[in-house]
Amino acid sequence: MLKTFKIGGVHPAENKITATKAVVKLPIPKTVTIPVTQHIGAPSKVIVKRGDVVKTGQIIAQSSGFVSTNIHSSVSGKVLKIDTVYDSSGYKKESVVINTEQDEWDEGVDTSPDLIKHTDLDAKTITNKILDAGIVGLGGATFPTHVKLSPPPGMKAEVLLINGVECEPYLTADHRLMLERGDELMVGIMLLMKALGVNRAVIGIERNKPDAIEHLTTLTKNYEGIEICPLKVKYPQGGEKQLIKAITGREVPSGALPIAVGAVVNNVGTALAVYEAVMKNKPLIERIVTVTGKSLSKPSNFLVRIGTPVKDLIEAAGGLPDDTAKVISGGPMMGKAVATIDIPVTKGTSGILILNENEGHRKPVLNCIRCGRCVEVCPMGLEPYFLMTLSEKKVWDKAEKEQIMDCIECGSCSFTCPANRPLLDYIRYGKLTVGGIIRSRK
Amino acid sequence: MDKLLTITPSPHIKQGDSVNKIMYSVIFALIPALAWSFFIFGLPAVLITLTSVLSCVLVEWLIQKFIMKVEPTVKDGSAILTGILLAMNVPAGLPLWIMILGAVVAVGVGKMSFGGLGQNPFNPALVGRVFMLISFPVQMTTWPNITRQVVDATSEATPLALVKEGVKGGASVPEIMQTLPGYDELLLGNFSGSLGEISAALLLIGMVYMLIRKVITWHIPLTIMATVFVFTGILYLVDPLQYADPVFHLLSGGLMLGAIYMATDMVTSPMSKRGQIIYAIGIGLITVSIRLWGAYPEGISFAILIMNAFTPLINNYVKPKRFGEKKNG
Amino acid sequence: MSASLIYTIITISSLGVAAAIILYFTARKFYVYEDPRIDEVEEALPAANCGGCGYAGCRAFAEAIVKDNSLDDKFCPVGGNDVMKTVAEIMGLEAGDQKARIAVLRCNGTCEFRPKTNHYEGATTCAIAAMNYGGETGCQYGCLGFGDCVDACDFDALHMDPETGLPVVTDENCVGCGACVEACPKDLFELRKKMPKYRRVYVACRNEDKGGVAKKSCEVACIGCGKCEQECKYDAITITNNLAFIDSDKCVLCRKCVSVCPTNAIIEENFPPRKIKVEKEAQPAES
């Protein structure tokens, strides 16, 4: 029996169209738009102004608090303007727009492809380098990584879990990364282990990526303390709490952080970024993005600079098909539908998914037939139908008691509902409101 | 770009299942048992079923069209399903006007008065059946005689009723059993009863189909059967002269029909698996109690209705196991 | 027959007596003293339970008044000054004089003025749509049109206009309770001073984008040009974040700002429909 988490879960059609497509490096765009809020936490503070000349990798916005991070220019050129621009959130965000001139890197960045394996840096220095490089969780949640590496006093990490699950259908960015950048990934994991002071790391990979499991298992022979854990295919296994449960069998208590059970989870993409930041002094200015969809003529995995217009990516993948109904930033289960393709790639953009007219629309909402499937599939053991009703009727105190804040917004409930009810829509609204009430109480 | 992109919150993909598919799967699962009853009872059974389905659909359509003034949703199949279940719960010789009345009560009172599909606290088909049973007890317990594969005008009692009457009359169960159909006949449906209660085997085939299609889970039907088996088994061990054996109880009467198709009605059963098991145990216990000590020979309809009433309470108190819940809490 | 009747009467009566005794002692034991003024104040309130005062209902409001023994920051928008005076008499306090307010929608982004840029299919409430993105048009500040305000209104003072896609306030019904102000995720409603005949002049826009951007997404957006601010002699108009705002406490309804606004973002309502005459009269006075 392969390991997996116990409660709930669904198995959407995988549709990993791009699994065999090697990562292609996209040419540097003419202009990049870099929003200052690409992470969870306080927006970074812009430190350049219009007309400034910046180099690739130079800091353009500084961390403005503990839960915040730096943002770097992804090209070299001139700052055209600082403006508010739509990003994938659907709201206008302050952004730095840079006109590319050439690709001149900031001093000290090692752009050679050589693998560097050893370093004498101590844990503190590694964490600081990660903060300087602006690294955030690249799985999509974009939580600043240095915060995860600094456990609160009295808590100690025991094991580092590396998330190579990629349970979202369609997306293959992490899969390709594990296949093509295995060694760098391993060094990155060693660095994270050092920063945390743990001597064991486990990479969780779902069984539908046998080539990645095999490849990394061979590599682990050269790296002490890293293991591979193949997992059963089940969504949302990439959720932090589900992954910890699947690999270690421990359940993170309601409302607590993973560190409460001695685990720290990082995405494979993050580990690679850590390698580049620490060993090569290269800040987080590019990432792998899967551009996919059934009607797309050339679905691909691209390595792109942060700030590249999504439009360019879609062009490179064969152009926007005529029957497009929806463009999604991220995967189909948790990604965000965007209103326009004139938005930039940010640190959290793991994929661009194009859904056609057949797939991209919601069906009419019917009465709840109380089949209980939402309860069955909820990986947090909640009762989505009930939470939806409570949110609809605005019974916030009861919703809080029913642990609405535990919802991880994986969307399994809405996915499975035979009556097409917008369960997660309402639960998310409830979470937002209840969260506000809890904060105001403090 | 001329075309507007669509925006919805996540998730953006759906599992293929829909309310229609669920309803039609259940109807499909009922077909073998229904066909067998047509074969056994002949034309009257066909007429009863047609009347029941047509009146249920018509009542729902009329109420939605003219009273609730909403787009009729009869296409979702739930009214058809109610109609079939209602027909399977009555004897083949039932006058058609009683059937129509039952359908009106089932859909009109049992379902639409609460707001339609998903809102009703009680299983509509059972509301209809119990209404007919209480209002027209004679017609509802007049079973056609089928002992020689020919539908006869004279009536024949169901095995359960025979046992009950026999025990009351002072006979011991083994004596009565000799006069009754054997287990093979109970399983195949070669005895008298309502349309849907005659063949346990075909009902079980329908259950397997629904389990494979994941329309239902094993929790409710198997728990009911297990409860009935264990409860009657204990009594049988205590006094085999007074009480019939558990296999007889499982195979006779409407237990299979009720456990597989009526108790599992999604609308009126609890949401969580824990709750469903409590609900099913309740149904099993009440059914056996009514069969052995109650006024009626069969009690599954009442048992299900009683537990339907407890469903909101169960939903309120029995929560699924939360992730990260403390072990002893 | 008569015997059973007598037994029944005796049984029922003694049950009644026993219950009365139990009830009496229970009531004595659990008696809680309550200020009688709470009931009096509650009696005086309109019993709309709308929450417009900021309390959970009329009873809670009455309790708060009696508990604090003051009327500071306490006002019943439904009953208005009359009710507050009655309450003040009960409490032996002085009632402050508050002006009646009425809700206005600060968005005029009808389907005609504000073209759609995408198509929303999620749950049809404003709160949920707003959580996901800026809305179906290029303006992220404007009305979403799903009618959360209509649902929030207890006084039947709001309904959606299917042609414009915007909510409309029925002046006669609006009591200024502020439920719509709370409900709107875009903060489009404002409680403005109620003027005679419900006349009002206000900026029907909340767009804080720069002029060009705002104009591009909506024809009648305020572009923050500042012409109205210059025109106003009463200091009622201020411009912050590319957006004009008319203070209803200072505005005297002269309507000069309306005529200078280049995008028709300022709206006048319920004035007599003799526009041409008004302009004719006004012109000689100006020249």
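Order of writing sets the chain letters: A, B and C. Residues in each chain are counted from 1.
Going forward, contacts are C-beta pairs under 8 Å (C-beta built on N, C-alpha and C of every residue); 3 or more make two chains touch, one makes a residue touch a chain.
What you are looking at is a predicted structure, and each value in this text was computed from that prediction instead of being measured.
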Exercise. Chain with the smallest distance from its CA centroid to the overall CA centroid?
Worked result: A
Problem set entry | Most widely separated chain from subunit A, with each centre as the mean of CA atoms | B
Problem set entry | Cα-centroid distance, subunit A relative to subunit C, in whole angstrom | 42
Problem set entry | Inter-centroid spacing, subunit B versus subunit A (mean Cα positions, whole Å) | 49
Seminar exercise, completed: In whole angstrom, the CA-centroid distance of subunit B from subunit C equals 53
Problem set entry | Multi-chain contact sites of subunit A, meaning residues that touch two or more partners | 90, 336-337, 339-340, 361-362, 422, 425, 428
Seminar exercise, completed: Check: subunit B positions touching at least 2 other chains come out as 5-9
Problem set entry | Contacts with 2+ other chains: residues of subunit C | 117-118, 121-123, 128, 131-133
For this session: Sort out for me which residues of subunit A touch subunit C in the complex.
Result: 84, 86, 89-92, 336-337, 339-340, 361-362, 422, 425-426, 428-429, 432
Exercise. Inside the complex, what are the residues of subunit A that reach subunit B?
Worked result: 7, 10, 12-13, 90, 169, 241, 245, 251-254, 256, 320, 324-328, 330, 332-341, 353, 355, 359-363, 366-372, 375-376, 378-383, 385-386, 403, 406, 409, 411-412, 414-416, 418-420, 422, 424-425, 428
For this session: Report the residues of subunit B in contact with subunit C in the complex, numbered from low to high.
Result: 4-9
Exercise. For the complex, which residues does subunit B have touching subunit A?
Worked result: 1, 3, 5-15, 17-19, 21-22, 73, 76, 78, 115-119, 217, 266-273, 276, 315, 319-326
Problem set entry | Interfacial residue positions of subunit C with respect to subunit B in the complex | 116-123, 128, 131-133, 136
